[in-house]
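Just so it is clear, A, B, C and D label the chains in written order, and each chain counts residues from 1 on its own.
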């Protein structure tokens, strides 16, 4: 498991200069089918419809999250509390944390009712995957990675570093998405953050002197969420996909024939545990059957597939701009019950989403004072306190498709 | 044709900050099927197998080349010699110059025997395309763009700006490919270059004071070619594709059945003029049928498709490193006549390729001296002279596939 | 006044690529004694003691503020409400807004009791300066620039663009100081800001769609203030200077002889209106006499001058970290009344400083809603509201010098 | 000597992110008078008259060269051949290599007839300096650093890393000068270079696979030399200084009184070994007496000092542009024998300067082939061969001052 490569392997990366690999097991995992598959799934799905250069894949992000773990092992004070097994566990978890993502992820998760974390765990544990075969070199490794991903409490420090308010995942993707979209926000000072961290009793603390870098990181996140991730046009693109998926599901349930090759998709919809079918699904697969659907005999599929292909997007009304009741009624009147199911959507997004998730909230970030005391971040920082207390920014929109 | 948008449309771009669109016709062309298709064709094909972040598409480059044309119109002295019609002609030509590219371009061009420039012209002139329909708003426009792309001499200045040793195409892609690969080379000082240019009697001249920026640009090009574009591993990936294409063609000619949906591909192989089939071809299409071929009954297709999917690359020997005759013979002995056709390739690349093309050579760049005289670049610059006179760097490799 | 240069003059600049000058009067002002003097005054005084690369001068910032004015004239919707005279007035005001700065500014302002804005106005109006001579080409220009700098209400739009919560001054210096310190904060998306601005009835409004860029700008400012401008070590360095200035003043008032050449300094201390002496003062001048003072017979001057020269800084205690009463008493006991005057300082800084100044407060930034209504920024943005309402971050420190 | 700091000390730096210091001796040396003095000497003297943002000091470059040594110790294969003493020797030599520079270096070296390397050695060995006092913690250290700086052959590997065609000095300053001037050239891929290096038998070799990065580095150097370092306007500024120094020297030799405080300058001119006077000289010192000279009774000094202060530069004629004999004669006729000595200069610069110095030439860079053979760089790289063989670019100019 801890076998090293003869010579450090490097991957050029615009964010870190180079990503370095010393362990053979990491190199093997990178070459696995499941990780290579991520080359064919874009990190930001529909966002490239707005920020056209956001074409980077989940593969490059996975390497980035791994590299961030690497940098933590080399730079964070107190991290030596992890022994070599735990260090490798950490590196592997960082590298593999996203392998369960499906194509155009969010629309897809709603369809299969399984989170990408669940799928990641299935892929790691299934004996049918390359990744599992590689991990078997050490009997406990696959299970322990699954434990880390599922946040079951066995390795609390590693869990926190892999997935929390301040983790290798977010630290890589904020910078990376900013770089590839060209957005001016999202540049985070990760080296400063790493130097601010101190591991005390298996907990990640932030020195008071480094709180500024965390404030800045949280503000970058806030801006990336509203400027990039929840951009109305990106969502408009995902609406098309959700419409297609919903129509496909309805037709299958009604035993209607779909005139496109979607076997793997159907298998997964019927059985979440079919990992071999699952890893056949990627953006290319979805693009492939959508292209076939542009000639579908089903009016809805045909329309939405063509809309997807040629960037004919859903329109939307922002409810924060107080549209008249009339305007809204006029939109609703465009559809009957049948078409409304696929052509009309009400969405809500709120900043609260990023401050409180089921696994963690902002107060998980703890500040270490010079005198040794520990405070939660919002007690210490008035900026953060005000962010968590005032009414959150909420986005409510009605999306609708006009033929 | 010269109708302006109500408000300038902008596209965020990491290289230029923003790409700006003022004319309605440009906005319409960007939304056309043929340009949107380029979102699904990667700019650098197999290069992302080496530089994993090189995942950007020909679409973003097309916008970039358009923006470079825009910048030329705003910054180059003497460019006002172009009237508004010619300016729009220039902008459209820059935007459309790559729409004829097929998926994984180089391997594909060899298969269909048509250059991407020829296909670009066909798409612009065919009445079946969106692009042609949009251009018809002005009766001469489509023909004149085709004239520019084909370098027929009708608009010599625009031709030179769109395609020559120093054109909007190269000025965008060198910077862009450097940005997305993370390569340290390729950053060119385009504003300096634009300020060095002066249009005199419909010719692009470079002021002597700006020759340094051109030397630097040519050196960047040289480095990008050898470090990125001709990287042995990128070529190794293209070898797989060439093997698949060759096998498909052979099977079709022998009337064998191919167990994958490749109708559009076959139509194009049989008839280069079938533009509607042609625009169905993109990376997603190729990835789609290669995925199907991973289960092909044909041993060669099955093997190569799996190699493509999971990044099992051709090996290679660099002939410049003087391998022994034995080594080479040993490689050749691995194959019989049948397998050799798909598994073994000899390739040659020479820097001469970029200095002399059928349409232009390095001496097309002319230097304007302070006293008004004009010299060719290699007469003026000892650096360039030495580059063009000494023996070129040549790359000779044998690629071979081991099952 | 509106004579143009034969060819646009350019200055290379890492932030904008190039700074461009078209008007002859701007070129003449740049070459004036008063502007050239700013090459010898560092933008960030003592900050380079912490961020050692922060060695840039007020000259480069002045060019930058001018260029930002230039960009506003080229990019902001509605700016054409300014006629050519007003545009030149704007450009000149931006270029000249800082010429009144003294060496190591803040410590110096306290000594001469005149703000740098007052001195700027004096220099512009005095018939003894180069700048005034150049401006006299147009009879009203000098007076009108002084009006803009003094915010007297004659040119409200230009005043707002030159000095307000969102002006050419801050937009340049935040980015510039970030670039030269290497701080990760402070990168502002100025092009986005410019595109968000709209001039309506001689007021600068921000479109609702661009409020994010303003939020981000204000957060960058907040971080630059606490991370860079108020950095404890930078202040510690200024404390030395304040000590030296105070001692010099005291000695002069007591008619004691100072053993260094400080004529110009003394003249200015005695007479604020002596502009010719004032422009002799720059960092080099102060460094020069401090070097002489390292051999002064006066113990205080000798000590502080040596401390300044060799970076022996004041120590400090942060009162926010709740030091014990004992610790503080111990520090106070180190000094008698005489030495305390020069070796001991209590300082307070509060974020409120940047939100409310005598001339403007944060609510001067007005947001333009899609329906045409106008709101103040904190009504519109919950983030900004929380920033202005919650208790401000306050920094209280005791600085003391140990011999 | 090898005592470590309790916690790694970091300096923010825009090029490397952070510069890290682990050894106490390095931290002490940074705080020494001699190194702090370099904060007051600009790295590029008169270049900031052209590239106005080139205001960075030799201090920041010294830290950068030290950091580059640090990176070599952490990244270069085979560097472990250096034991801890030698590693510290390397770090100290990199940090101290420039402490002997005088103010506005080149003009000054001509005046005192001692190279800055000689002065560096004197300062390191003199018992009167801070640096020497710090180094004495280990009896051999000062002498060994002097040995490295003087290239006496005792530590050939360290000598090569500190000063050769490819050394910590150049690798830092090319990038740094590019960053601070905003020049588009000079960005070198130093991590790639470090990974290409391999130490074999105490020699630095470059792996064949990394030769591209060296070619690119040498081209960057070539461009920085001609675009930045030898920029005609930068030289024009140095001409003024040379005129002032020459006049001062002449007056002193003729026993005329100079009406300015230049004691330390005179002491050094008379006695090169007066290190205490030497370290009083810095840019501030020179700026200080030049300011006094603006009121000198001596016509030449008065004129040149005012020219220096207010950027009234020497004019020049480029002999490569073939000016007529008449033009040249006309210029010469402006001066009599006396004024010509200070107002007229003929200069020659040739690219050969950077390829062959007394201590090293380009062929000192050796390439390691895959088969273990070693070739000189120009044998291996046709690009480099052509650079060294063809006629060099030569710059010949006549500079002259018009009152």
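What we mean here is this: contacts are C-beta pairs under 8 Å (C-beta built on N, C-alpha and C of every residue); 3 or more make two chains touch, one makes a residue touch a chain.
Remember, it's a predicted structure, so these values are computed and weren't measured experimentally.
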| item | value |
| --- | --- |
| Greatest separation from chain B - chain, by CA centre | C |
| Pair sharing more residue contacts (C-beta pairs) when B-C is set against A-C | A-C |
| Euclidean distance of C-alpha centroids - chain C vs chain D, Å | 32 |
| Where chain B and chain C are represented by their mean Cα positions, the distance between them in whole Å | 49 |
| Centroid distance [mean C-alpha coordinates] between chain C and chain A, Å | 43 |
| Contacts with two or more other chains, residues of chain B listed in rising order | 17 |
| In the complex with chain B, residue positions of chain C that touch it | 10, 17-18, 191, 195 |
| Complex contacts: residues of chain C adjacent to chain A | 184-185, 187-189, 192, 212-213, 215-216, 219, 222-223, 226-227, 321-322, 369-371, 382-383, 385-387, 389-393 |
| Residue numbers on chain D that touch chain C, as the complex places them | 11-15, 17, 31, 33, 36, 39-40, 48, 51-53, 55-57, 59-60, 63, 179-183, 261, 280, 283-285, 287-288, 291, 309-311 |
